[in-house]
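Paired with chain B in one complex and with chain C in the other, chain A is shared by the two complexes that follow.
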Partner chain A sequence: MKEIIVAVAGQPNSGKSTIFNMLTGARQHVANYPGVTVEKKIGRYTYKGDTVVLVDLPGTYSLTSYSQEEKIARDFLLHEKPAVVLNIVDAANLERNLYLTFQLQEMGIPMVVALNMMDVAKDRGLSINTNTVNEFLGVAVIPTVGKKNRGAGDIKDAIFGTYRGDCVQATACVGCAACSGATQKKRPFKIDYGNDLESAIASLEAKILEDPRISSLYSPRWLAVKLMENDSEARRLVKKGGDR
Partner chain B sequence: MVTDILTHADGERKKFIAECKTTPEKVVARKRYETAEKIVESSVRQEKKNLRTLTDKIDRVVCHKIFGPVVLLAIIFLFYELSIVQGYKITAYTWPFLAAVRNIIASVLPSPGFIFDPLLRAIPLGVVDGIIAVFNYIPIFLILFALIAIMEDSGYMARVSFLLDRIFRYFGLHGQSALPMILSGVFVGGCAIPGVMACRIIKDEKAKLATMLICPLMNCMAKIPLYILLVGMFFAAHKGIVMFFISTITLIVALAVAKILSLTMLRHAETAPFVLEMPTYHLPTVKGVLRRCLERTWVFARKITTIVAVVVLIIYVLMTFPGIGSDREGFYSEQANRHTAAFFTAIGENNPYANLLEGQGLHAFANYYDDYRQAKMGATSTNKKAAVDEKFRARNDSFFKIVKRGRYTVDGTTFKDRDALKVNKAYKKLNRERNTIRREIKEETIIGSVMGRIGRAMEPVTRHAGFNWRVNIALIGAFAAKENSVATLGSLYQAEPGGEEKALEERMKEKEKGWTPLHALALILFMTMYPPCIPTLLMIRLESGSTKWALFATLYPIVLGSLFAVVVFTGGTLLELNGIQAMIVFYICALAVTAGLGCIKNADPLDEYS
Partner chain C sequence: MKEKNAAMTLDDIKPGCECRVVDVTVDGATGQRLMDMGFIPGTKVKVVFNAPLVDPVDLQLRGYHVGIRHSEATGVEVEEA
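Take a look at the complex of A and B:
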């Protein structure tokens, strides 16, 4: 029996807690992240004999290191190395929510997107083609309605499939029996930052790859982007990685 | 190798900025938004066109350039009206409960001595008095915090941030600085502790620190009693103007301080782009609002019972020791004995009550007499008064006859007891003399105490701000928690226990005949800039993660406050201005300085590279 650690990330008001509760039911406990007053909720469920441990990250709009919540979410993803990150996205505010999705994806952790509050989106006259979103992002995209318990099974399937590394197709995935043989892995999705910045990032990535102490710990592209942004936390990570 | 990566990164970054005339972070953010837009464009279809949600309709008014601020002002006024004005009315109903608790505690403690109280009574009672004085504010807090929770849960708070960001950003603050400042009491009285805690929501490190450091300048609940006292004494005719001055001058100074900090000490702190979500409006749930308001009130109550209790204790000790010495104690005992002897002469040897009052009897009667008066004061209706009478008759029948001036009713017949009346009259005289002695002892104790010596030692300096040693003591004592300032003044301008109840205003006027409104204005200004109380400092230390900032948050208000007080008092005296004139001149100057600071350009991150 294995334990699969899954981080649940999402922006505030995306219905993260509802999905978390929907997946884990009563099997959860609350602790605090060490040294701070931010709550850490942990829940579990069993999937085909394996235990999936869900860790609820604080709701954040992005993953820079400005606020305590963002720092905590980022540190968890960087240092605890969850097997999968489940990104809860408010379907009615897709554009804004994708900002966090891109950052999560850049960190290089396998991801499942739950397109939540589909009912609210529908009420507002929005019709969302999940397949198109899935094509773009290259990760499983599951439509859900957390308040009505819709989509729990699909999410669990997708998490497991993503964990095994062979699921990218959201709607077709049933425990990934269908696509396990066929290599459906797509090129990982990348944001195109434009020629000038991309060439700088590429050159910096190459430099990072020269130092396995650092490139083995963090996604080189993520680190390169962060260093270009002059992110003090990323600089600290590089220094620390080199000191070991 | 590691330094290689970092130098390489620096090189690439500098090159990029030089070539593209923009920063990578701006490009990264823009590209992310563009990509998100592209994805949404191709995957989302808007079926019903021009669908206006209720939220959009409300926002058209609430975020409007002109109506927006009007609505905001109206809501702030509503806050003031509901929490402060109505809250104070509620405290009139809750106070008797607190007073009852105090009396219960007082009754289990050792009873007071004839002229010297046992320490086991005096110290716990001092602490209890300090705590319940502040617990009295709890109804106001509950209302205030409930209103703020409603504002947050409904989604209006995000609009407040949006509206205020336009002003705040000129001063290096952030739209999200609004909530911490409102909680701290920007206009209406609040508490800096939840305010500092709420700074967590500010994403921008620079604005977060700046907000945290100016939160204590806001008008917290504890500053208000002193304002009310002084305004009532010296500005009775201009109450409205002075209260307006007090509530806005703090904001004006705070904005200036924030700007100066962000241009100097916080120059290199990290900044973040202002990303603000406008959530759809929700009807707040009763459960959600209650939970949040009780949580915040609980934080406040816990502070009161733990830290304030300890500090009240320390202040009490500092204001009591080393004491007046055995010589003076003997002197006062001697005086007390002389008055007691005179009392017995006055009632006459043959008085049937004389025996009863011999030795410990007199002391027992003194306590009985005070308890009775206390109980009578607490009883509001005729029924309750009768119940009090019944209780005290049961406690001691003979004493009861004396306190009733010899007129009492047994089984429907009214008796007149001339002896009891005589004792009553003589005792009243003795009681006055006893209270005078007690007051003299207390005053002598405070003057000779550690605190009194510090206050006196500072007088030559603080004289320029118009503060005498009594005020110095009150201000030092307020450091524990500002609500102490009025309590300390109260004990310095001695109330007479059991004696004639005079308001503190009158007692102060009697002792400080030379005081002018200018004195009061200097004191008010010092109080507006008063350094944060110890619990707030602990919170700043916790939230900023640095002792340095906590110390800074203590020192800069003292410097500012002293400066303002000296300028206003000495300057006002030289220019022969009266209180109101000095206030207006000061206000205009402060407003001009702050407006000027607002016009200075904020440090741009690009500057470092140009």
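Take a look at the complex of A and C:
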């Protein structure tokens, strides 16, 4: 019996905790990190004999080193190496929410996207084609309505499929409702920063790849982009890796 | 850029009017957060109303509402939409 660690990430008010509760039921407990007010919740469920450990991260708009909750979310994703990240997206606020989605994708962790609050989006006159989002992002995308418990089974299928690699590689699909097979055809989406930035990112990436102590732990592209942003934590990681 | 007049900021826009983001000039955590919220050059922003006690100012952009302080709004350079 395996334990599959899954991080639940998303912007504030995207319905992370609702989805978390929907997936784990009542068997959750609350843990506190010392020294900070933001807490992280851990819950479990069983899927086909394996235990899935869900870690509900604090809601963040992005993953910089500026605020405490962003650091907590980012450190967990970077250092605890979850097998899958479940990104909860507010479908009624898709554009702003996708900003975090791209940052998570850049970190290189296999991802499942839950398009939550589909009912609210519909009420606002938005019609979202889940298959198109799926094809664009190249990861499993599940429509959900957290408060009505809709989509739990599909999320669990997609998490397991993504964990096994079925949802991102051209192998047998587990047949969840996530994608109608479209995910298998595509690699996860990559942002094109334009020629000038891309050539700088490429040369940084090449440098990072020269040091396997760093490149084996962190996505070289993610680290290169963060170094370009002059991110203090990224700089520290590179220095630390180089010293040891 | 005109040198004489100081650049117009989001704080200069009257309720009911729209503008377009030119630049986020405030640095650090505030600037990062504004960009996280979608204040990117070219983005259309509508000033909806000021709260009764001045702060915050309610803005609409990218299909959602956000309230920010006037002091933060001065850190967003804008032009007429």
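Just so it is clear, the second predicted complex is superposed on the first by the 225 of 244 C-alpha atoms of A that agree within 3 Å, B and C clash if a C-alpha of one lies under 4 Å from a C-alpha of the other, contacts with A are read in each partner's own complex, and residues count from 1 in each chain.
Heads up, the rule we're going with is that a residue touches a chain if its C-beta (ideal position, glycine included) is under 8 Å from a C-beta of that chain, and two chains touch if they have at least 3 such contacts.
Only a predicted model underlies this, so the values are computations on that prediction, with no experimental measurement involved.
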Joint occupancy of chain A by chain B and chain C, clash or fit: clash
First, second, both or neither for A:D196, with chain B first and chain C second: first
Which of chain B and chain C A:T51 touches, first, second, both or neither: neither
First (chain B), second (chain C), both or neither touched by A:N149: neither
Partner with the higher number of touched chain A residues, chain C or chain B: B
First (chain B), second (chain C), both or neither touched by A:E95: both
Partner chain in contact with A:G125 - chain B first, chain C second, else both or neither: first
Partner chain(s) touched by A:T64 [first = chain B, second = chain C, both, neither]: both
Touched partner set for A:I208, first chain B, second chain C, both or neither: first
Chain B versus chain C as contact partner of A:V133, first or second or both or neither: first
Single chain B stretch clashing with chain C - from 9-17, 63-71 or 495-503: 63-71
Residues on chain A lying within both footprints (that of chain B and that of chain C): 61-62, 64, 66-67, 95-96, 99
Touching residues (chain side chain A, partner chain C) in the complex: 61-62, 64, 66-67, 93, 95-96, 99
Touch list for chain A against partner chain B, complex: 11-13, 61-62, 64-70, 94-96, 98-99, 102-103, 124-130, 132-133, 136-137, 191-194, 196-197, 200, 203-204, 207-208, 210-211, 214, 224-225, 227-230, 232, 235, 238-239, 241-243
Contacting residues of chain B [partner chain A, same complex]: 1-6, 8-9, 12-13, 15-16, 19-20, 23-25, 27-28, 31-33, 35-37, 39-40, 42-49, 51, 53, 200-205, 208, 270, 272, 275, 277, 279
Residues of chain C touching chain A in the complex: 28-29, 32-33, 36-38, 62-64
